[in-house]
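Below are two complexes that have chain A in common, paired first with chain B and then with chain C.
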Partner chain A sequence: MDQESPIGGHISRRFDSELEDIRNHVLAMGGLVETQVNSGIQALLESNSEVARQVAEGDHVVNSMEVKIDEMCVQILARRQPAATDLRLIIAIIKTITDLERIGDQAEKLGQFELELIDEGSTSTDYAKLEHLGNLVSKLLHNALDAFARVDDQAALKTIKKDTKIDNEYEALMRQLITVMMEDPRTIKNALRVAWCARALERIGDHATNICEYVLYLVHGKDVRHIDYKDMKNQIRGK
Partner chain B sequence: MDQESPIGGHISRRFDSELEDIRNHVLAMGGLVETQVNSGIQALLESNSEVARQVAEGDHVVNSMEVKIDEMCVQILARRQPAATDLRLIIAIIKTITDLERIGDQAEKLGQFELELIDEGSTSTDYAKLEHLGNLVSKLLHNALDAFARVDDQAALKTIKKDTKIDNEYEALMRQLITVMMEDPRTIKNALRVAWCARALERIGDHATNICEYVLYLVHGKDVRHIDYKDMKNQIRGK
Partner chain C sequence: MTTLHETAPVIDAHQDIQFDGTIGENLVENAKFSTRNVNVFYGEKQAIFDASLDIAENEVIALIGPSGCGKSTYLRSLNRMNDTIPICRVEGELKLDGENIYGKSMDPVLLRARVGMVFQKPNPFPKSIYDNVAYGPRIHGLARNSSELDEIVETSLQKAGLFKEVKDRLDAPGTGLSGGQQQRLCIARTIAVSPEVILMDEPASALDPIATATIEELIDELRENFTIAIVTHSMQQAARVSQRTAYFHLGRLIEVGQTNQIFTNPRHQLTENYITGKFG
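Let's turn to the complex of A and B:
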């Protein structure tokens, strides 16, 4: 795969530059969403109301980027009538930005949780439990966006595999929280908040995995959703 | 809006019948997803392991329908190069089936929760709390699918408005569950399960609302996501 120019050349240079323009918009949206997620995690871990507010208020930019890119995709489909790889690229982008927008929603929730918490005078010590999960999710999202930017199917495959680690970490954290709540019912409210945040992080991991599946679809033209990792690897190798 | 033939006529009859074919597949997928959701709610309320198993095992059919319809959309985009309303219909379908598939995932979760519960010898009395929320969500989904089938923008708009009711019911239920847990810590495990199910139901409501937004997009060619209900109504009236 030519990583310098993953889209390939067209007879029409203008078409090339239009595709490149859409792709750059998606990368910018991905960058913003990644910042939102990392800031959301930081706000929780550091009990930082300023960062939390930025995240909660920044989501509308992500939303308007989705609407704009969607419109660009419809325009290019209508005017250029792309085929084969170009068509797959547009479809992959239409799907990717839906997941990016929903990752943004989850990041916004992290910010809002932190703001509520500060309002109630709570501290961040409970949120230390989220640090490991937060790191895993942040890394997974970064790798997914990287795989998308470089149209790298092998990186996408590796990233999909790592989502299992997040699911396991999430389950372990949940069991731990239930134990804490049962031991001391006064902790229930806070423990539930940690649980909602953990769930938001886990969902971000799922959306990042979806993006990796679109990369595989883009490269291989096969729909690799809904099959497990081993089958996925075999299908891709078989091509 | 001509409700008999929302797609409109084309010079090519074969193109018409292809579009109609895709649309019928989406309606069939919608019907199956609706059954899955209703069965998932029934399994919880009636503590019915047989229904729970059917729901948990039926999700792969929903998944394969999504993959199949996706492929049909890509084919028709490549071969027919649709424009204007037809193009919007295909885009709306590509987005709709993603949400349908995720509604299916949430229904599957309801089935799995119930199976775990039966394994542990719990009864369904705790789940009675979910009945009202379940009814609201089931009705919202039905109305959303109906609005999609009839390409009815007014019905879509009405349905979107009703999602607020679901969100309020969900918040009320959550507050109630926290109170119960604090009063009797032995109920924590079960109350958390009810909370996860409520969350799954609330998410189904969100996805149904997304489908209504695609109906508005299809009819009006405007992107009405991310704006509030009042603005949405004004934008549509303004057209």
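Let's turn to the complex of A and C:
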């Protein structure tokens, strides 16, 4: 269910356009981060050094976008003193871009570890299959950004629930990697790199979940961080 | 205590809104003021519709809303300032400490000593600073001798944060002070008769930001001893000084809540629209 846009309708049309401008920057940043993550996963699965390098070297653009949007939010806070939905929107954006930047960092790690694996003449598939985890994370991030773009609280709730699948898949992969390392200690160096990639993907899932929580905060004004899914649903329903 | 009575704006009763009763925390347990189903009319026109609101002891409650929403009218009904407007009629139950303030046994002059008022424009009497503050205690016979009166004047000026600035010129005319000082003088004059409640109608809207900050700081200090209801057009001021906020719209009390909640997560769409500047 799409919520009514929280941005338009101010008496000051300039305020509307300032908020719209910030929102567009966040969506652009989200799009870039999503591309970085998908490229990181692609590099990992295909052992593609060219794509891996692009991801590793592309993170600075994400960082500068974070700085730019932060500055825009500070301007709004100082000059408009937003309240209610406007205030929650700005707070949600400030928090969202922090998580987006961290997702960018994790994507950068995927690129770096893949380059190291290629240098060693190795590939992630030698140790574990990251494809399923990659798909889950890619989809979760996409859905989280979509929920943010459409300010869709129901989609945000659904997306948060999916993070459990990622956690389970990550646990399974870790058990698998530990077995590989125990069987042949010579694999430890590269198996650890693969484990760190899995860890990076799992963290991306957590950050995407955080973004969904900010959507719920934006829509309902309730802080639903650090509580379990059931309590979260009850809070949203006002119980 | 003051003779100032501006004509309150009157709203058009035909311009109706969807209203299903006040939402939020309009009633409290330790009510100083308790008002139920208040209707106020100016002749044929109704300015307030069925407003029920409690004001708790030692709280600052902010009344906000667009012009003509009834917030000033409501405030004025709390110390019967509306009595001075012949066509004004107040209905409903308005109680101060459980006592009906529109009852036959209630003397409006004594009521206004218990419920003081500070207005938008500082309105000192054309008298000395000293006499401005001493006026109320004199007519109410609060001081037995001149030294007691001196003490009341000094304490009131101190509580209003003005004493240091005027202690060497208490004989100078009150009208010679700056706007912010005049407003604090009016607050000192209000405090001098030891009221229980202070009503403030846009007390800082004619002042610069520094004088405004001084008044707001003063409101915060006064809260320890007084109950304060403040009407303000400045949303930031309401957010800064009050513990609870009440939102009026076209004569209806739409929503009341903790100020923290009203400014971060109002429940009624009209409140949301007003505080985010979305009225077109």
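What we mean here is this: the second predicted complex is superposed on the first by the 227 of 239 C-alpha atoms of A that agree within 3 Å, B and C clash if a C-alpha of one lies under 4 Å from a C-alpha of the other, contacts with A are read in each partner's own complex, and residues count from 1 in each chain.
We take it that a contact is a pair of C-beta atoms (placed from the backbone, for glycine too) under 8 Å apart; a residue touches a chain by one contact, two chains touch by 3 or more.
Because the structure is a prediction, the values reported are computed rather than measured.
**Student:** I'd like to know which partner A:H132 touches here: chain B for first, chain C for second, both or neither.
**Tutor:** neither
**Student:** According to the contact criterion defined above, which of chain B and chain C contacts more residues of chain A?
**Tutor:** B
**Student:** Which holds for A:K158: it touches chain B only (first), chain C only (second), both, or neither?
**Tutor:** Once the two structures are laid over each other on A, A:K158 reaches no partner at all.
**Student:** Quick one: classify A:L192 as touching chain B (first), chain C (second), both or neither.
**Tutor:** Touch partner of A:L192: chain B, not chain C.
**Student:** Is A:S12 touching the first partner chain B, the second partner chain C, both, or neither of them?
**Tutor:** second
**Student:** Contacts for A:Q81 in the overlay, against chain B (first) and chain C (second): which applies, first, second, both or neither?
**Tutor:** A:Q81: touches chain B and chain C.
**Student:** Which residues of chain A are in contact with chain B in one complex and with chain C in the other?
**Tutor:** Residues 81, 83-84, 87-88, which sit in both footprints.
**Student:** Where on chain C does chain A make contact in their complex?
**Tutor:** Residue list for chain C touching chain A: 235-236, 239, 263-266, 271-273, 275-280.
**Student:** Per the contact definition, I'd like the list of chain B residues that touch chain A in the complex.
**Tutor:** Of all residues in chain B, those touching chain A are 60, 63-64, 66-67, 70-71, 73-74, 77-78, 81, 83-84, 87-88, 91, 94-95, 98, 178, 181-182, 185-186, 188-189, 192, 195, 199, 223, 225-226.
**Student:** Can you list the residues on chain A that touch chain C in the complex?
**Tutor:** The contact residues of chain A facing chain C are 9-12, 15, 81-88, 220-222.
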